[in-house]
Amino acid sequence: MTRVTTSLVPTVRARGSSTGMRRVGAVLTSLWLPVLLVGIWWFATANSSSPFFPPLGDILVETWNQWVVLGAWTNAVVSLRNLFIGYLFGVLIGIVGGSLLWRLRYLRIAVNPIIYFLYVLPAPALLPAMIAIFGIGDMRQIALIALGSIWPTLLNTLDGMRGIDTVKFDTARGLRLGGWRTYTRLVLPGASPQIAAGMRASLTVGIVLMVVSEMVAANSGIGFFILQAQAEFAIKKMWTGILVLALIGTALNYLFVFVERRVLRWYYRSRALGSS
Amino acid sequence: SGGGAPADAGGEGDGGAPEKSTLTVAINPSTQFAPLYYGIQEGIFEEHGLELEITPQTDIAAIVSGLASGTYDIGFATVVHAVTANANGIPIRAITTIEGQIQEDDEGTVTIASAESGITDFAGLEGKRVATVGLSSHNTMTMWELADRAGADTESIELVQLPFGQMAAALASGDVDAAIMQWPFAADALAAGGVELGYNNRELFVDTATTLFNTSQSFIDQNPNTVRAFADAMAESIVGATENPDVAKESLIEGLGITAEQAAGARWNIGGDPALNLDAFEVARDLLVKFSTDESAKTALENLDVSTVVWPGAL
Amino acid sequence: MSSAAVFTPTATETVLTVDGLRKIYNEGTDQANMAIDAVSFHVDKGEFVCIVGPSGAGKTTLLRCISGLASPSAGAVTFEGRPLTNVPEQLGLVFQDYGRSLYPWLTNGDNVALPLSARRMPRAERAARVAESLQSVGLGHVERKYPWELSGGMQQRVAIARALSYRPELLLMDEPFASVDAQTRFDLEDLILEVRRELGITVVLVTHDIDEAIYLSDRIVVLSKNPSVVREVVDVDLGDERTQVETRASEQFLSLRRHLLSLVMPKDA
Amino acid sequence: MSSAAVFTPTATETVLTVDGLRKIYNEGTDQANMAIDAVSFHVDKGEFVCIVGPSGAGKTTLLRCISGLASPSAGAVTFEGRPLTNVPEQLGLVFQDYGRSLYPWLTNGDNVALPLSARRMPRAERAARVAESLQSVGLGHVERKYPWELSGGMQQRVAIARALSYRPELLLMDEPFASVDAQTRFDLEDLILEVRRELGITVVLVTHDIDEAIYLSDRIVVLSKNPSVVREVVDVDLGDERTQVETRASEQFLSLRRHLLSLVMPKDA
Amino acid sequence: MLDRSRSWLNWALPVVTVGVVLLAWQFVTAGGMVSATQFPTMTDTMAALGREISTGRVWPAIGATLIGWLIGMVITIVLGVIIGTALAFNDFAQRSAAPVIEIFKAIPAIAILPLVILIAGSTLPMKVFLVCFAAFWPFLIQVIYGVRSMDPIVLDTARALGVRGARRFLQISVPSASPYLVTGMRIASAQALILCIVAEIVGGAAGIGRNILLAENTGVVAYPTMYAYIMVAGILGVALTGGFFLLEKRVMHWHESQRNIRESNKVGAA
């Protein structure tokens, strides 16, 4: 579980007080390729008559029509709400569960196979079962998202806590920090870089499950929107759904990284400075 | 049609031997395909120089696009799918029906309400939650139309996409108030006290076929004899299955991999006329226009000449 | 932990007594590994005692037993007349590897404040104490910075400040200067001598550097190779005033050095 | 790399000439950092030269320039009469951190064989050479083991064996004994003296330990603080026969030590 | 601390737990706490699993799922290593590509599934494309990180020893990046399996997922079969992940993490 990196977003901004020119250069470097690719997409499809690859311009117009004019944005709101609640539950259970497993050795040994089974079990395979248990409605979506996002966080929490240097625990005992203070001042922050990595993996899983769960037995959400478009053979409409989902996914990813870089400032700065 | 057909023709028909003898046929497995399996079992397709490779595929949209991309030679779709696909620029053509035309006493698709919901007719669906196998499917359209005719506000009906197999359970648990179902699943729902609201197709599609085998325009252009041979074989199979329903039912045991008991309860339009006509396409187009919320989609549907959706040889 | 049996009233001056200490890792399994065989010595109040021994001798193990972090397999450790069961309140600990013992997610100030808040010291008093402790190791200005923003020598000073902040009576240090460069090391050695003079605390320091041991201590406990026993306890009478250049070149220093080298080097063993 | 211009025929005995070397990191940017200002010295064939200087003086940087791993910002490095452009074939390098320079995925034998196979030595000859090299550092039995199965001192020996395996004419070492304990350090120091005597190679060794520098070298280059210049080049005439206990206690050693300390310690600067 | 005398707990506890969970499942379903239409009993499910195995129906499904997984993995790993290494050695290329990689990584492959189904049908190429789309980006990031996090001393040493060219790539660069590569493969494998099964459930491509779907469509009578296939999916996941852990253990035996694991196993405590 260690050695997992899930983002290429730059760790530190250009070192020191970079001049304006340099910052412009950095922005240009990161922008030219996406812009070029969008440009290629635009011109390659400009005169497209294939029903599957409509012109990009048409897709953009359709996106505005569908999501703003026709009010499909409510689907995004529903999706995000389910994601938020499910993810929050999943991550909380993951951290608390991971801490418990770290603390309770025998429990860890005992439930290890079950946890690994649930972790590697492709969560979408549980969809039919979830319908049977939770019925139809947001509850099922939330439950599935929560269930899927527990495991990466839980396992990373456990791994992170087990990976804390024994010298740091000796230090805590030497300073007589006591149980709770050791947990809040040493165990949690010490494992936090890996907990964050787990939470990021959980977010990815959560978004996937958000979409999958809406593609089966749902009546709202982005996944529902895309699947409905498919059933209507409304390919352009489907493209708009994919576009919106890509935007949301990217935005959530960057948001996560943004928050993580601030909360774990000590970790990224110390790493950038070369000490452990 | 069929200009330069090879000389050593082994098949019948007027156009010569099929250009392609092995066909990939995508179906959405159900007992409605009894005539198809009957035809295969009795060697009717073989007589026409055809060998069929049946591919089960639950997603009709995937079948339609598979036809357009050439993955499948022939594939199942309802009339609603065929019309929608063409309105969206995907050129598929209906070449034959899978089971014959709908009759006055059709016992196919049925709308059932749960006992607890208190719904007794289509008007009662207003504001309720209804399970359907596909959101923009044939079943949904007919249910909307019937509800509309009964005076319900169709926009207030909440749809949930569910496979037939789960509808009975969803009705029983109260997850949905009503479901548009197929046999044999409908039996479970009715046995659990479900209320039969009506047979959707009986009201709207009598004497016209709604369940179709389709292919792409380019396949027709390149393999006219094959298409003809398939259509002929299918028509013969439908007639044969009508004459020997028990044999046709038995053919399902191996074909669909179901039990003898399930096969005995198989249903299709036994005795339906195996010919296509444009009525179903016009009704479907009108329903789609009526219930479309999207202006551009509506315009495309209005501009669609439904006769282009059907292979001329089928009419 | 057969400690109570061996308990004997000690002289008023004795802070720490180690009596027949033995430590076996993984006792009772087939990977049993005796790190310490039999070590006995005592430390008087205000004394500076160094423990030297080759690598792997069990010095760290010994220190962990003395501090109460590990329990001995046999023998007893008595701190201020009471047998040791846990880490005592009045004990300060400085580990070899500053990089591992300072918490990188806390500022230097918070690192130093940690044992104080664990001892429920009021916030205002705490802040004053933190500033004072850092001042005493010559780091008045780094309270807001993080440990990893400092050089190695400065980090080790923060660790010392943290161990001193709650005014321990006994300071245990495990090779505290092993990973800093020679010059910083000289500085830190002088710093610890000065701190000890000012606060009058007792210090036990583990090192494998013989020169360092002689320069710092009043008494040196020389351990044998693993499993270790006490080879000799050497008294160091270099007086209170020591300087890096003069003291280390004095005749007394050199003869002590020769003696210790002959104890430690295997060819002469 | 203004090397060609400075080229002058050197005495037959001179292996390495460093002339007005300057190294600026991140040159031309606002983070420019001058590590070395102006360093000139030369090394004769068969000589043992130590470079001492405080931490951060630029010792590692200097060694990287001498070995051809880094290119100087100004000045020239001449190796065997030719200006340096890349790492020469006849150069051996031992890095400070054995943990990072030995490849953990190769056995000790394979680690030692690596430069040999890179030089396309036939397999049979290679095997013999590997065994011989490991033997020469007193590690005949570890060929099949992995570096991490050895103690720190043994790992550093493997690194030395690797650098010696292809019989370099010049051996460069960057604080090779900094992270081993005192006794192992003594052993390794004696080992390197012996190897050098046997093979007659030239050695340049970087250290911050003054005692070590005196004990090992024929000449000591003392660097100032960063950006470094040569503070003084000190000749060491302790003869060829040196022993850890005797030599280090000799009058000559101590006076050299006093002199170097006064050069290095900031209070006296 | 778990000493030797109690090391039997290491295998006994998990076995007991699995047993307890299975019994609890049986108790809850057979005892009527959950209706049979919602959840089949454990024995029924096991019987269904046995039937699927004895009739041999389960093997083609597993085969179809695995073939999609395998082709997708091979493409992902080959392309990932080549492109990742190329990007890692060129700072400009890496910084230019980073946003594109991030964006593509953020698009759930599920979202393009309906579109891919329309274009390619429910076929093996469709499955392979989705598998690659889902597994490629995270793996690429791992490769770039692995190559970039190479200790400069490792490279310096290689240069000083005169090791260059292909030898340097194979004997130095690849082993040095291998911790990241192996972890990346393990993650990619899990992603690939999930995508295979989703493509089968949502898109109806042949495989375990489609058997789940077909059983679901068949209704309540087929629920035990459905859960049997869900279990097959989980077991397949365990097998593949376990395989990668074993691979990691074999290939990475020299790496610190593996040494630590061995060490902690030996001492019998963690």
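Observations
A, B, C, D and E label the chains in the order they appear, each numbered from 1.
What we mean here is this: contacts are C-beta pairs under 8 Å (C-beta built on N, C-alpha and C of every residue); 3 or more make two chains touch, one makes a residue touch a chain.
This one's a predicted model, so the numbers in the text were calculated from it and none came from an experiment.
The minimum number of touch steps separating chain A from chain C is 1. Any chain that touches chain A and also touches chain B is listed here: E. Chain centres here are Cα averages; for chain B and chain C they lie 86 Å apart.
Each chain gets a centre from the mean of its Cα atoms; for chain C and chain D, those two points are 34 Å apart. If you average the Cα atoms of chain D and of chain E, the two centres end up 48 Å apart. With centres taken as mean Cα positions, chain E sits 18 Å from chain A. Across the assembly, chain C contributes no residue that touches 2 or more other chains.
Contact with two or more other chains is made by residues 37-38, 114, 117-119, 202, 213, 216 of chain E. Residues of chain A in contact with two or more other chains: 128, 132, 216, 227, 230, 233, 235. Against chain D, the residues of chain C that register as touching in their complex are 54-56, 179-184, 186, 208-211, 244-245, 249, 254, 257-258, 261-262, 264-266, 268.
Across the complex, chain B meets chain A through its residues 61, 64, 68, 81, 84-85, 87-90, 129, 134-137, 158-162, 166, 169-170, 173-176, 293-294, 297. Touching chain D in their complex are the following residues of chain E: 151, 153-154, 156-157, 159-164, 167, 171-172, 175-176, 178, 254-256, 259. By the touch criterion stated above, chain D contacts chain E in their complex at residues 64, 67, 69, 87, 89, 91, 93, 95, 97, 100-101, 103-106, 114-115, 117-119, 146, 148, 162. For chain E in complex with chain B, the residues that touch the partner chain are 37-38, 114, 117-123, 202-204, 210, 213-214, 216-220, 222.
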